[in-house]
Structures are given as C-alpha cells and as structure tokens.
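Chain lettering (A, B, C, D, E and F) follows the sequence in which the chains are written, and residue indices restart at 1 in each chain.
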Amino acid sequence: MAKIGFIKLGNLGMSQVIDLVQDEIAAREGISVRVFGTGPKMGKDEAAATAELKAWGADFYVMISPNASAPGPTAAREIYKDVPCIVISDGPTKKEDRAALEEAGFGYIIMTVDPLIGAKTEFLDPVEMASFNSDAMKVLSTCGVVRLIQEELDKVAAMADEGKELELPHIVAKPEKCIERAGFSNPYAKAKGLAALHMADMVAKINFPACFMMKEIEQVTLTAAAGHEMMRAAAQLAIEAREIEKANDSVFRQPHSKKGYLMTKTSLYEKPKQ
Amino acid sequence: MAKIGFIKLGNLGMSQVIDLVQDEIAAREGISVRVFGTGPKMGKDEAAATAELKAWGADFYVMISPNASAPGPTAAREIYKDVPCIVISDGPTKKEDRAALEEAGFGYIIMTVDPLIGAKTEFLDPVEMASFNSDAMKVLSTCGVVRLIQEELDKVAAMADEGKELELPHIVAKPEKCIERAGFSNPYAKAKGLAALHMADMVAKINFPACFMMKEIEQVTLTAAAGHEMMRAAAQLAIEAREIEKANDSVFRQPHSKKGYLMTKTSLYEKPKQ
Amino acid sequence: MAKIGFIKLGNLGMSQVIDLVQDEIAAREGISVRVFGTGPKMGKDEAAATAELKAWGADFYVMISPNASAPGPTAAREIYKDVPCIVISDGPTKKEDRAALEEAGFGYIIMTVDPLIGAKTEFLDPVEMASFNSDAMKVLSTCGVVRLIQEELDKVAAMADEGKELELPHIVAKPEKCIERAGFSNPYAKAKGLAALHMADMVAKINFPACFMMKEIEQVTLTAAAGHEMMRAAAQLAIEAREIEKANDSVFRQPHSKKGYLMTKTSLYEKPKQ
Amino acid sequence: MAKIGFIKLGNLGMSQVIDLVQDEIAAREGISVRVFGTGPKMGKDEAAATAELKAWGADFYVMISPNASAPGPTAAREIYKDVPCIVISDGPTKKEDRAALEEAGFGYIIMTVDPLIGAKTEFLDPVEMASFNSDAMKVLSTCGVVRLIQEELDKVAAMADEGKELELPHIVAKPEKCIERAGFSNPYAKAKGLAALHMADMVAKINFPACFMMKEIEQVTLTAAAGHEMMRAAAQLAIEAREIEKANDSVFRQPHSKKGYLMTKTSLYEKPKQ
Amino acid sequence: MAKIGFIKLGNLGMSQVIDLVQDEIAAREGISVRVFGTGPKMGKDEAAATAELKAWGADFYVMISPNASAPGPTAAREIYKDVPCIVISDGPTKKEDRAALEEAGFGYIIMTVDPLIGAKTEFLDPVEMASFNSDAMKVLSTCGVVRLIQEELDKVAAMADEGKELELPHIVAKPEKCIERAGFSNPYAKAKGLAALHMADMVAKINFPACFMMKEIEQVTLTAAAGHEMMRAAAQLAIEAREIEKANDSVFRQPHSKKGYLMTKTSLYEKPKQ
Amino acid sequence: MAKIGFIKLGNLGMSQVIDLVQDEIAAREGISVRVFGTGPKMGKDEAAATAELKAWGADFYVMISPNASAPGPTAAREIYKDVPCIVISDGPTKKEDRAALEEAGFGYIIMTVDPLIGAKTEFLDPVEMASFNSDAMKVLSTCGVVRLIQEELDKVAAMADEGKELELPHIVAKPEKCIERAGFSNPYAKAKGLAALHMADMVAKINFPACFMMKEIEQVTLTAAAGHEMMRAAAQLAIEAREIEKANDSVFRQPHSKKGYLMTKTSLYEKPKQ
C-alpha cells in the first residue's frame, strides 16, 4: 500500500492530471491518493494552509506549483522538509538552486516544458486560461511529460509499497529528455513531438515579458496572443505526431493493472501484457 | 470576502480547472480557495475523507465528481448536507433525482456535455487519459461550459461576499444552454460550438457500452477509440469556432478585475471595461 | 440476366448513387437497370405514379425513400407488394414496424446513418442541400454503407440471374454493422469511420426538432446549421480515415468484373482478382 | 403548374441532385417532377427505354448524360426532338456541335466542370465511385454550378407555369461563368471557388488517357488516382471558400418559397425575403 | 574538378535554388560554382551583360530564364552558343523550337511545371511574389523537379570532372516525367505529387490571360488570385504527399558525399550509403 | 536611375528573392540590377571572386550571406569597404560586432529570423534543402521580412536615384520589428505571424547543435528533423495568418509602379494608389 499526498499551489499545466496518472481507470489497488490545493493563489497564506495534508501521514508528498523558488512554495517546503517530498515545477532553472533543493532532501522534477500562461487581465479570462491549459495538456500528454511523471511517481510508490527507503527523483525535464519517454516508433512523429516540446519551452520566453515587463495594451495583448498561438501550434504538432502513430497502429500504451504494475501494448487490438 | 471549498471526487473534464475559473490570473482580492481531492477514486473511503475540508468553514462548497448518484458522492453529500454546497457532475440525468438533490438543499449544475472517458485497461493509459482530457477541455472552455460554471460560482461568491443568503444554482447544462454562455458573435461559429457540445454529449453513449458492457478486446478497443475520435473531432470543431471569432477580432473575454467584478472586452487591443 | 428497378420517392443521401453501385464503370454484362423517380416529393400522387415501372417486369425492385412509414411510401408499397421489393430507408426504426414490413413480404435495409437534412426554408436552399448531400455521401461511401447496399443488391441480383428464388435482405444498418463492411485495415481508421457513422446517425436528433418543432428563426437556423456542421465534421473524419488507408496502401477495393462477379484488390498497383 | 421530366442516361456529378434543385424542401406548389433513369449504362437500349417518360407529357424535359454526342444520348434525343428538351452534359465541347444541338431545337447546358471519373476496373469500385461523386458535388454545389442549373430550370419552369412559349437556355458552363452564379461576397473565396472549378475542369484531361488510352496497370491506377486526388483537392478548396463566407456570415442563400418564387437571404439569422 | 556557371535572366521558381542543388551542405569538393544574374529583368541589355561570366571559362553553363524564346534569352544564347550551355526554362513548348535549340548545340530542360506568376501591378507585390515562389518551390522540391535538375546537372558535371566530352540533356519536364524522379514509395503519395505537378502546370493557363489579355481590374485580380490559389493548393498536396512518406519513414534522400558522388538513404536513422 | 549590385555568398532564405523584391513584375524603370553569386560556398576563394561585380560600378551593393562574421564574408567586405554596401545576414548577433560593421561604413540588416538549415549529410539532400527554403520563404514573405528588406533597399535606391548621399540602414530584424512591417490588420493574424517569426528564430537554436556539435546518427537526424518540423509549423502559422487577412479582404499590398514609387492597396478589387 502506498499513500500519496499531492499539494497543489497555484496552477501548472501538469497540475490538471498529476493526481490521476497513476490510476487512470480508478481501479488500482494498493494506492491511496489525497490532494490539497489552494486554487490559483500560491502566497504565504496558502503555503501555511498546506500543513493540513501533512497530518494524513502520506508515504510521500508531491508538491506542484509554478516557480518553486517563489516565496509561497518556499514557505510550503519548510513545512514538508522532514517528510519525503517531490517538488514538481517549471523552475528553478538554475543548477545551484536545484542542488540546494536536493541537499535539503527534496526530490524534484523541473519541467521547463510546462508553458507559462499569458496571465494579464488585458488578455486572459477564464475561457482563454482553460483553453490554453487544453493546448498545454495536449503536448504534455502525447510528448512524454505525463509518462515521465507517471513513471517516476510509480517508482517511488513501489518503493513505499515494498517498505524500501525512498529514493526521490532529481530530473530536469527538458525537451530531449521528455521525448524519450513518449514511446514514438516513427522517427518523424518523434521529431514533431520534440519540436512541440521546444515550442512549449519557448512560450515562457514570449509570455514572460508580456506578464512582467510590458505595459502598453497593444504590446501586452499582441505578445501574449503570440505566446498562446505558439502553444496552439505546438498542440497541433503533438496531435499530428500521435496521428502518425495511430496510422501505423503503433501507439505505445502503458496502462496500470489492477495490482498496480505497468502493462504495455502497442497494436490497438492487442491485450496489454505485463 | 468569500471562502470557497472545492471537493473533488474522481475526475471530470471540468475538474481540471474548476478551482481556477474565478481567479484566472491569481490576483483577485476577496476570495479564498481551498481544494480537497481524492484522486481518481470516489468510493466510500474517499467520501469519508472529504470531511476534512468542512472544518475550514467555507462560505460554500462545490463538490465535483462523475455520476453524483454513485455511492461515494452520495455518502460525501451526507457530510455536507448542512452547509451550502453545489453539486457539479455529469449526472443524475433524471429529473426526479435532481429534484431530490434540490429538496435536500443542494445546488447543482449537471453537465451532460462533460464527456465519459473510455476507461478500460485495454485502451486507456495515463497518456490517453490526459490527452482525452485535453480534448474535453477544449470543448468545455470555448463552447460556454467553463463560462457557465464561472458565472454561476461568481454569483454565489458575490452573495457570500455581500453577506446575503445564498441562492444556489439548479442548472442542467445541455448543449443548447451552454452555447448561449459562449459569447460567439458569428452564428456559424456558434453552430460549430453547438455541434461540438452535442458530440461531447454523445461520447457517453458510445463509451458507456465500452466501459460497462463489452468484453471482447476488439470490440472494447474499437468502440472506446471511436468515442475518443469523436471527442477529438469535437475539439477540432471547437477550435474552428474560436478561430472564426479570432479572424473577426470578436473573441468575447470576461476577465476578473482585482476587486473581483467581471470586466468585458471584445477587440483584442481594447481595454477591459466594467 | 438480372433486371432491377429502382423507385425513388423523395431523397436520401443514398438515393444519389444507389442505381450505380452495382455497375460502377457501366460495363457489366447481364444486368439491366431502370429508375423511376418522383423528385423531391413523396406524397400520394407520387406514390401512384410509381406504378409505371412495374410494367417493366423487373426481377426485383428497390424502393428508396426517407421514412418508409410515411403515407407516400406506404401507398407505393401497396403497388409493389406482389413483386420482390426491397425497401431502403432511414426508418422505421421500431422493431415491430420492420417486422410488419417483413411479414408483408418486403426486404428492407434501414439505414439509421443516412442523415436527416435541415429542411427549412429559413436555412436550406438548393446549394446547401447539395452540399449537405456531398458530406453525407462522403460518410456513406467510405464508411461501409455503400458497400453494404452494393453487396446486398448483388446477392439478390445473383439469385435472379441464377433463377433461384429470391431471398431479400432484412438489415438494420446501424453504425456498428456498417463499419464492418468498410474494409478498413487500420483500427484507428476504422474507429474514425465508426465515429463518423455515429455522428451521421446523430444528425437526425439535431435536425428533427429544427425541421418539425422549432419556429423562431434564430433557433431554427442555428440548430439546422449545427446539424450540418456535425455532418461536415463527420465527412472530415471519414476523409481522414480513408487517408490513413491510402497512406498504408491498404485501401480495400471491390470492383465488378465485366461478367458481374466481385473482384478484390488492396495495393493500388495490384490487379483485381476474383 | 409546371411538369418537368428528367431523363438520366448514365451518370454525371450533377445527375445526383438535378431533379431536387428546384424544390429543396419538397414543399413547393405548382411543380411536378418525374425522373426516368437507366442507371450507369447509356447505350442504344437505354436510349430506347427513355421513350417511356414522354407519355407523361411534361411541359419540358431535361436530359442529362455524360458526353451528349455519344450514340446513346444521340438516339435518345431523336425521341425527344419534338418536345421542349434541355440537354445537360459535359460535352460536346465543340462550338459547331452545340450549334447543331440548338438548330435541332434543343436547349443545352454544357458543364465542362462536371469531372470525368477514373472509370477503370483496376481503380474504380463502388466506394471510390461514390466518394468521387461526393467530391464532385462539393465543387458543383458551392461554386455556382448547382445554382446555375437551378436558376435556368426555374426560368423555364416559370415560362411553362405562365403558359408562355418556352425559351430554352444555351449555355457553356465554364469556370468563369459558373463562379459568377456562386454568390461569393469575399473575393478570395471567389478565387478559391474559381480555382476549384478549373481543377474540376482539368480532371478530365488527366482521367481521359487513364480511361481510354493507357493499358499498363501502374500507369492506369497512378493516373486515375492523380485525377481523383485533384478532385479531392478541388473539393477542399470549395470547402475553404464556403468557410470564408460562413466566417463572414455572408453565405448567400436562395431558397424557394412555397409558391415557387426565389427568396434570398445572406445573414444566417435573417428571414428569407422575396 | 567541374566549374559550373549559372546565368539567371529574370526569375523562375527553379531559379531560387538551381545553383545550390549540387552541393546542399556546401561541403562538396571538386566543384566550383559562379552565378551571374540580372534580377527580374531579361531584356536585351541584360542579355548583353551576361557576357561577363563567359570570361570565367566554366566547363559548362546553365542559363535559366522564363520563356527561352523571348528576345532577351535568345540574345544571351548568341553569346554562349560556342560553349557547352544548358537552357532551363518553362518554354518553348513547341517541339520544333526545342529541336532548333538542340541543333544549335544547346542542352535543355523545359519545365512546363514551373508555374507562371500572376505578374500584374494590380495584384502582385513583393510579398505576394515571394509567397508564390514559396508555394512553387514546395511542389518543385518534393515532386521530383529539383531532383531531376540535380541529377542531370550532376551527370554533366561528372563528365566534365572526368574530362569526357559533354553530353547535354534534352528533356521536357512534364508532370509524368518529373514524378518518376521524386522517389515516392507510397503510390497515393505519388498520385498526390503527380496531381500537384499537373496543377502547377495548369497555373500558366489561368495566369496567362490575367497577365497578357485582361484589362478590367476585377477580372485581372480575381483570375490571378485564382491562379495563386491553385498554386497554394498544389503546394498543400505536395506537403501531404511528403507527410505520407514521413509517416512511413520512407523519405528517399540522396545527399552528396564530400567527394561529390550521390549517396542514398531512406529510413531517417539510416546512414547514407554510396 | 539606380544601379544595384547583389553579391550572394552561400545561401540564406532571403537570398532566393532579394534581387527581385524591388521590381516584382520586371517592369520598373530607372533601376538596374546585377547579381554575382558563388553558389553554396562562401570561403576565401569565393570571397575573392566577388571582386568581379565591383567593376560594374553600382550605386550601392547588397552583400547577402549566412554569418557575416565568417572568414569568407569578412574577406569579401574588404573588397567592398570603399563603396556603399549593405550587409544582409543572420549574424553577427552581438552588438559590438554590428557596431564594428557600422564604423567600417557598412549598412546592415541582421535577420535573426532567417532560419539556420539542418546542414548535415545524414539529413539534408537537395530536396530537403529546397523544401526547407520553401518553408522559410513562406514566413519571410508573409510576416514582414521581405517587406522590410524591400522598403529599406527602396529607400537607398531612391537616394541614389535622386543623387543624394546614401544613408545606409542599420537594423536588427527581430520578430517584433519584422511583424510591424507585415501590414496585418487583424490582431490575431499578426499574433500568428509573430509566433511564426519567433519559431523561425528558434530553429537556429535547435539546428545549431545538430550541425556543429552532435555526432551520433540518431541524435543528429532526429534533432535536424525537429528543426525542420518547427520551420514547417511556422510556415503553416504564416499561411493561417494570411488566410485570415484574405478572409477579411484586408491583404495589404504595396506594388511598385512603373516609375518605381510604391503604391498601396488593400481590398482585392481596389486599384493600387500612390
């Protein structure tokens, strides 16, 4: 049995499904999941509130938030520093900051490919926000990021289940690393997926000035819109990549058995095998 | 000030963003959000665990899960029956069951358009699950469902903020109702959006037998794959619809101001106005 | 030699090609076809007029019309009840009505997948009508319905040719049945085709209220437009499905030889074989 | 009242809907339609059989077939030379042949844009035939050809209804002429439609050698497949053209009133006006 | 060592890359290239100016221009008639004119598939011109024309390198000839490519009257726009064709080795082999 | 009268059309163009050879090559340092290097958006090279880069024509600068164009390691393929952007009059005006 606690501060693309990826049909035995989230905000108050889930006594925690170096996530880590906890975020991107995380005992998966949204009142409303998250999830799911997260969390859960000491992951999930997990069999599908990841990665470089530096309405909205168009184009490439695999009946699938081990299958009509 | 507690049992498409839609850029004052979730499962144990968030004393709760008539959600409602609570689900679809919910004091928004996933080990793995959720979110976001949820929750939050007695919504979110919230200005874009919602609605009719009645591997996987292809096609129609509005520079946007009221804008370069 | 008489009352998608599917290059010996049609109308006068073709003395007749239970088709069947006649229509969908047809000696193929057009003056003009029929034909042709009709008529023609007693077909052509005739070799192409058929099937559910219940101009036109958008999306899925087979050089073809037997081929450069 | 008889020898793209275009919702008063067809074949036997419809005594006849100069259609015209009859075909393309038709008292509409199918056993089966007809109909419907036919037939029907002497049309329906009837308001949509018509026109130049001159299997199938790909691309351009008009809510529609006069509308929510 | 001189008078689609195709990564030994061009114009002055490159003493010259029968190119040939020179153009299309070229000692490759641009001030500006050239290059590159040019020039360069007498090519590059050089392995991809070439070929038939015969602004711009839309559609077909080959990992590649011989590879991860 | 000499060393995307953009229909008076190129190579020998065009005595020269800091271009500049010469390249990207260029008297336009090709024998062959250039040109043409070059060269040509002292441009053509020249009227089209430029810009970051750092065949080909897929996606975005402007009949055009001044037009049927 593994008890896994998810703490969600603010929102990343991956936040949408991270608590679901280990039990996609809700039939897996030997795993128990609890989620505590603070909605869109990730300030100090929210950080303090996360203490609540600690009482549950999970085997390990997964703390997901944008920018793990921000004050809120930093404060939240203070609370969880004495229990096994994996930080999942789009930063810190600096090596030394990640080393500090590791020294403090945290595992981490830093996904530079989880794209920064164009978070300006002049552009973003709830519909645009949700629509952007849909595009982000299309890339994250089909280009290897979801599988990377799932495999790494499964590894730790297996250790917990077996009563072993937990070895937490320390991974920088750059495009080149993610794409290897995607399981593409056609090399051009893989190349499209890799390009999509690079584009998701690059969205932050466009949206960052829109979010934090620009003031003038035309510049802000044009730039954020360009960021979202790039994300849309990335999603489209990811779709194309998967369509190629479908056309070859070579979609790699890795469902969980009821007992929790991973099975694999490739041809659609094939039974999953351990 | 409004305190809103979200309880997530299992997963619907809308679960991915429901706690974010009232504060899309995480800058709204006077609103506080907490989320308690149980991951993919929604059995009796999970239902019992939801009691934890009640202690927070939210002004109102939002309980989202598939099939609100299932034992887990039913048990969870027992816990929250004496506080203001809005049930958000894809069922019950029968009138009398919804009447019973209302009599028991619950608000509800029943989204028949939140599509049933093809949840069979033979077909679904974490990647396919996340990819399907991306398609679902594309339709939910751009075809009015996200806005319907946001507007209804905002109304109740405003009542809480103003210290009024809370009037909870009782809405069956069928395609025809949702599309009116989408704010399309071009009638063909609206028609595409409406068709996409009907298709999302119909996915359940295809996936239900795949999930619960079929046994044979070819039949199960072909049928679930057809359900997911229909969802993919629905997402594509939703994308087309929004592209038309973009081409006309008539995307209706409704961002929240810092103070929490809704602003609107249509032309991209226009400033949002109250 | 087989003499086949086609009676067309009103118009279905399939009406466009039904008299052509047994002799696609107009070179088949031993088959003779005559068609009598009444244009768009299918009232009692038109029904009476169909008597004309009876004099020709076909080996069997094929009577195609929308809604076989309507007064016109019913009256026309009175005329043909004493000769071998196969009813092809989009209804009756009720089992007992079909049983009655069979008891009365008629064969039938009820294609629930032949979509109901949005037949309202406020929306439909000759161009929209023809364009919708194009979309319908794309699904009917590539997703198995044309082949089902062709194979069934060929069987009866063969019996006539051989002087056997005619065994007429009794088939409800639902999506699941049709798709098996399409000959897809790639399972995702097949799933796309199946989804397209389900969508074609669903168009009636959208267009029916537009045609017969709604009055208000915006509601009528929006709804019918949504029905036609769904048909357009279905056609697009059907196109995608065939493109996959083309990309795999696995398009299954079944041309008629000059002598009338079916040949088959799959690779484009392959010669058709008996 | 106008009685219109349609004689169909063999099949053109336009044959699929020609008897429907004057009464698209089957509700027009004062018009009566009968169709006599001979299926795919158009030889001398079929020509002789068309005599049957003459007895009906239509106000005028419309005889549609491929290549009006072929022996079958020529023989059929002998039968109808003493009654008002409009020949609709993809040829003769030579001026003097058309002059001869006119001198013989026939009206004609020669549609060079109705594409020649790749009618070789090695390539064409019933499914490919029907699918090609779908593509042809997409261009014919949205690029002005259907409307040209409808308007011209309506004019003659109006003369018949008013008891005037019938003036039959003499039209060569080349791309430039057809596109003017399509009612596009956006000039690029019109240009796309015009390009689609030119491509449909050109299909014959590709398929003709495949049908009548080539022998070798690879050459035949590659060439016919290229012809069908060009038709597919033309259909896609036609779809794009109409999507532009939809995006501008400027689709020109011209439905028939119950009384038979033409109404027009442009905006989707607008009521048709006389 | 081979010295190759390129003379560019005016512009064809192929002019953009013709001096690059023998040395795509700029690493080939034993080849030396010089280009002399006259920009858009190709009159007598420009023709005279081309004499400059003759002094270089190339092993052979390649003279590329639209319409090789025009006065400018004709005058330029006078200068180069006593050295080995290959004329590359979209005409002359008449057999006797090409025979005259050959008798005069010139090699030629007449590419009827290099499309005529819609060169009218009312339509063409630098952006439209460059965008059209992009579409032309997509067809020329992926449908065999670039490879035909490359292979033919390589052959002559090899003769020069080996000190043999030069045998110059005499080729009319029609669609059927070009497509054989494209190296498609999927027959439908090849059919799409062939259709694209036919469309490129046909563009001249549309643009010619727009360029040289029409006067009225609407007619000129509509017609030229239709020509450019057809080229756009041809490019799209060419893209589709290559995507099919990518999906099958069967893109045929023929890079030059450093030493200048051709290597080939098909699977993406495969090493090129001699 | 302005005499303009173009020196092309190696190849950039822009090299394909740079000598054409000032005289798109080859009818402009008062301008004379000569081009000297060295094909794919740009070493010291090629640099020396460029001296040839200096003798012509152009009013100004335009020297286009990849990486202006490389030895070849640097050597070529030595030759042209005493005449007016504008350097057009994708680098140097460092400010001080550009300052040095300016101090040496050169004008420059550094286009970071002209994408670096994946120039490895393992991946690039003449077809892939030309196809990539087509994608590059689609972005360069429709997203403002071609117009920027054209406008800047026109300015200098006008000075030459008027006998003024030449003021040479000093421009770093980043995405944000280029997009302002594109003349988009729809803001989402502009955002798509901007995203396409950013993607073109980013291609170098992917292809650089493939070209210069990676060794292993799978890594090299996958990475270069990803770079080319990104360029393909950028081209597609650029196409979408222009389609929006076409759908709004708002394509901004700026043709040259016969006399050489710029005219403008927007609606397709509008006459160009000065």
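Heads up, the rule we're going with is that contacts are C-beta pairs under 8 Å (C-beta built on N, C-alpha and C of every residue); 3 or more make two chains touch, one makes a residue touch a chain.
Just so you know, these numbers come straight off a predicted model, no measurement behind them.
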{"item": "Mutual neighbours - chains that touch chain A and chain F alike", "value": "B, E"}
{"item": "Copies chain B and chain F touch via same or different residues, half shared test", "value": "different"}
{"item": "Chain centre separation in whole Å, for chain C relative to chain A (CA means)", "value": "49"}
{"item": "Whole-Å separation of chain centres (CA-atom averages), chain B against chain E", "value": "56"}
{"item": "Chain A residues counted as touching two or more neighbouring chains", "value": "187-188, 191, 221-222, 225, 247-248, 268-269"}
{"item": "All chain pairs that touch each other", "value": "A-B, A-C, A-E, A-F, B-C, B-D, B-F, C-D, C-E, D-E, D-F, E-F"}
{"item": "Complex interface listing, chain A residues touching chain B", "value": "4, 6, 8, 10-11, 16-17, 19-28, 32-42, 45, 49, 52, 119-131, 133-135, 137-138, 140-142, 146-147, 150, 217-218, 221-222, 225, 232, 235, 239, 242, 253-258, 263, 265, 268-272"}
{"item": "Chain A residues within the chain F interface of the complex", "value": "187-188, 190-192, 194-195, 198-199, 202, 205-206, 221-223, 225-230, 233-234, 236-237"}
{"item": "Chain A-facing residues of chain C, complex", "value": "186-189, 191, 244, 247-248"}
{"item": "Contacting residues of chain B [partner chain F, same complex]", "value": "246-249, 251, 267-269"}
